[in-house]
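Labels run A, B, C and D following the written order; every chain starts at residue 1.
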Amino acid sequence: MPRTVAPFPKPTIMKGGMRETQAIVERIKRVNRGYQRLELAVDRSLSSLLPGQALLVRRISKDYEAENWHPYLRELWFPVDILASNMLVLEQPAREQFLPGQLLSILGPIGKPLRFRQKLRNLLLIAYETPPTPLLLMLPPLLAQGTSITLVAMGAARDYDCAHLPEEVEIIQANDDHSWQDMVMTVGWADQAFVLVGAGLELTRFAEVMRLIRARRQDVPANTIFGFFQRQLPCGVGACQACMLPIRGAAKLQCLDGPAFDLTQLRLA
Amino acid sequence: MPRTVAPFPKPTIMKGGMRETQAIVERIKRVNRGYQRLELAVDRSLSSLLPGQALLVRRISKDYEAENWHPYLRELWFPVDILASNMLVLEQPAREQFLPGQLLSILGPIGKPLRFRQKLRNLLLIAYETPPTPLLLMLPPLLAQGTSITLVAMGAARDYDCAHLPEEVEIIQANDDHSWQDMVMTVGWADQAFVLVGAGLELTRFAEVMRLIRARRQDVPANTIFGFFQRQLPCGVGACQACMLPIRGAAKLQCLDGPAFDLTQLRLA
Amino acid sequence: MAIEITRPGKTSLIVATPVMPAAGSLGFADEYRNLIDYANLGAVVTNPATIEPWQPAAGARIVPLDAGLLVHTGLPNPGLRALLRQYRRAWRKLPIPVVLHLLGTTPDQAKRAVELLDTVDEVAAVELGLADEIDVAEATALVRAAATIEKPLLVRLPFYECAELALPVADAGADALVMTAAPRGTARDAQGGRLVSGRIYGPLIKPLVLRILGRLRRELPAELPIIGCGGIHSPTDARDYIEAGAAAVQVDTATWAQPKMLERIARDLGGWIATRHADALLDEWHPDMRRGDSQQRRGKG
Amino acid sequence: MAIEITRPGKTSLIVATPVMPAAGSLGFADEYRNLIDYANLGAVVTNPATIEPWQPAAGARIVPLDAGLLVHTGLPNPGLRALLRQYRRAWRKLPIPVVLHLLGTTPDQAKRAVELLDTVDEVAAVELGLADEIDVAEATALVRAAATIEKPLLVRLPFYECAELALPVADAGADALVMTAAPRGTARDAQGGRLVSGRIYGPLIKPLVLRILGRLRRELPAELPIIGCGGIHSPTDARDYIEAGAAAVQVDTATWAQPKMLERIARDLGGWIATRHADALLDEWHPDMRRGDSQQRRGKG
């Protein structure tokens, strides 16, 4: 339905598509109790990366031959900031050990950019049982164009300390029953919403959130509430079919068509 | 034959035997083009370690649970120096990446101390196709008691730069045909010799060296020329039987009875 | 170079390089076009296809293991006719032969599928996949039905039944055997917490399949090529398969983790075999070879 | 706790903790005394023994693999009588039952061995090891000969033949089945450069054996215990085996790399089973369990 949605920040032609490149960790900063940020010098082919797109990352040593196979698959990382055309910021749990100079092999960009309403006034972001990291890249440009953003942390997402996020973002910690103050308003006023859940049991969790939303808002039109997936992607290019999602109509792949899918079109558990 | 041999440096009762302990890499120094030395803070139970004894080493992270299984087996490391009762020096190829603070899990000490003749005047050391690292721990104490030491590098062992070794040690680079100047004298005068070869094809290489020696010296009495093994040891405690060696008489294990065996008693290939 | 990797006959499959993806790893056509130069491979083997459409399996799909993984997808595909409509054009553009992997369901379906495929110029050969725990009678009936094809027929054998099936399947008309499909296993799904079944991939599969292949190579007729598949993660792994008697190799999940590995293996093996055929000194062209290699290989001719 | 890990009968093997070493991993007696507190284990299984002395195999022994290894020793041992002389005293001092692993050679040798072992108080039970590629007739003849023993008889099944042998071996008199011996495989000996065969060990063996065991557990008589063996490298691995229906587990080469792991698995599994038997909430005693676990397990009783 391209009627009401447009790519972000303005229509961009994706050149070249996904590539395999190398990156190097330049700086490491702790941002809160549980997380650190890595500044990555990357290939310029990644400069066109947009919110919603991700990288499939594998640590390598200088000697590409000396690879071991643990972990076996690449990790899915969503950048949180773009500092320059060759400098991305990634957020990783603090328990992961990184040192400046660490080399990474990167496949990317993975996935489709998020599509935002052209005149987006109120954006609702929900992170449920997972840190909000994949939602952060959209914050600065949307704030700059005047969008009001509310980020609701539900369940274990509340453990993520948001003090380092832009102060214009309204942060709400949901109650244990997943409700929050002024819920009817937050939900009702949102022009668009993205619901982020961790890998595993996504369909159950999206269904829970949809029930919460429908209880507060009579009509949920198509292309309003999106589920944001972050399953591990074995191939990232549409080959392995392991990321197939139960969408009404056609089978869709998270790696090619995701990460965000209209929750009214997903067959929820 | 304890008649003519005695433990080094003087008879010591081995207390406690092998243990599993943790160690930490404190300092790292490059010693030549190909090698670096690690100063390891170790458990005091390793302070009684003697020349010939080794450690079975595995890198670990703080979180013992998070082990991966690559490499699968522990590595066999022969210390090159003892700085203090809890400080050992190890030598590793420079291509191996170590950082101060790296934790190691250590099984040791492994093997029997070398037994030297009580009045050892001339000691011949031969390293063949392998760096002389396992032979280095004996140098300082033997030099201190007045032993003359000749170290012959044969084959690929000649790539190891010996400039950092004690200058009293006579270093000889053998010719391509494994001969060297004054070979008859060096071989004839030696009261005792240790021949070090890399893992794999040891019996063939020991046999080659024995032929070289026998060509220059009519009688080779028992307990004079020892083969020094450095096979990878899966268990190190005599359980797996993977390190069994073809000794005349009884089956012997490198991990319990080695690393050095009388070359006149080994069934050479 | 031209290497015949199916039995000599009225048609046979000839590749320039004896390296290709295993069915299920590279997609249906050119999904890896941005990452892999297909011209460097010997052939493309498609994801598994069936006459009727198959839906994805319910339940967990991917369980990461120590140096490996469990995969369970249900082999979703829109059915053979839809696949032909969707991918024919892409196949035509590929610079290498396309081998269509056909899942063995019933003899009747297999016969209908190969009749259709004989009319499709873009498909050079068919690889028939036999299900796990299939018995000899079922397997030979399926292969006999599929062997009505004009094009070369490769048959992929299941892991546990490989030794039992190899000779009967060869007799029933297979032009080459692929050894083997990934073994099934059970692991705990990290997300759901339950024990789930699926195919097991990883480097440790290689020694298991390599032994099976080496033994069967000595028992099977010499003119029947065997294609090695299982746990190949490096050029050395691929060479070991060739050494054990494989005419070609298929690389499976290593590609997902390191897409360039497939091409590296192809280039390495291509060069190695070319040199070997010319009986040149191996050490001359590839510095990382061990002395033992060339000696042994020369001894074996 | 007292867990009966052989079929109820006039004698049975009872352990306090359902965790023990696999034959070949811990030596003949107390070789690991400086590293492992044997009191924490359920039993000791000895290295394989034969009536006649066996010499070590010629050729390569240890080939490191990606997250695993190939082992080929020839199972050297000085013969049963010499072993008894050498280790009886050490066995007597061990605080846990000793299970002697007897290599299955011929029915006659097996019969002679168990007659001798019935006179040896220090041995609590015998585990008979069946060779790879043994057929059903040979296997049942061996087991029948060994089942003349008074003591409990465990039988270790080979990997590839496990499904075929399980029921006939149980009928022939096995009091428990050990599933399975490590599979054979082929790898390139890094030193000699040749392809060599041997047993394959590593974490990726676990999903393969776990599936076999899970399936056979559903087919075999409920009163016949199965002991899981293959690729166990962590407490979680051991729990998965118990979940799949194993009464106990054997840990193999993980001990060489991390000697303490065997005890950790024993302590973990001991506590877990105790709690489970008492039907307590699993989450209460072990914080790293997932929600799915307890639900499923309670469903299964």
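In this text, contacts are C-beta pairs under 8 Å (C-beta built on N, C-alpha and C of every residue); 3 or more make two chains touch, one makes a residue touch a chain.
The shown structure was predicted, so the numbers you read here are calculated from the model rather than taken from an experiment.
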| item | value |
| --- | --- |
| Shared interface partners, meaning chains that touch chain A and chain D | B, C |
| Contact-richer chain pair [A-C vs B-C] | A-C |
| Chain separated most widely from chain A, comparing mean CA positions | B |
| Centre distance in Å when chain C and chain D are each reduced to the mean of their C-alpha atoms | 35 |
| Computed distance of Cα centres, chain C from chain B, in Å | 47 |
| Centre distance in Å when chain A and chain B are each reduced to the mean of their C-alpha atoms | 55 |
| Residues of chain B engaged with two or more neighbouring chains | 68-70 |
| Sequence positions of chain C contacting 2 or more other chains | 65-68, 192, 202-203, 233 |
| Overall pattern in which the protein chains touch one another (line/ring/star/complete/other) | complete |
| Partner chain C, residues of chain A touching it in the complex | 16-20, 58, 65, 67-74, 105, 107, 199-201, 231-232, 234-244, 246, 251 |
| Chain A partner contacts - residues on chain D that touch it in the complex | 66-67 |
| Chain D-touching residues of chain A, taken from the complex the two chains share | 68-70 |
| Chain C-touching residues of chain D, taken from the complex the two chains share | 65-68, 70, 160, 183-188, 192-195, 197, 200, 202-208, 210-211, 214, 233, 236, 240, 243-244, 290-293, 295-296 |
| Residue ranges of chain A in contact with chain B within the complex | 61, 63, 68-70, 95, 97, 99 |
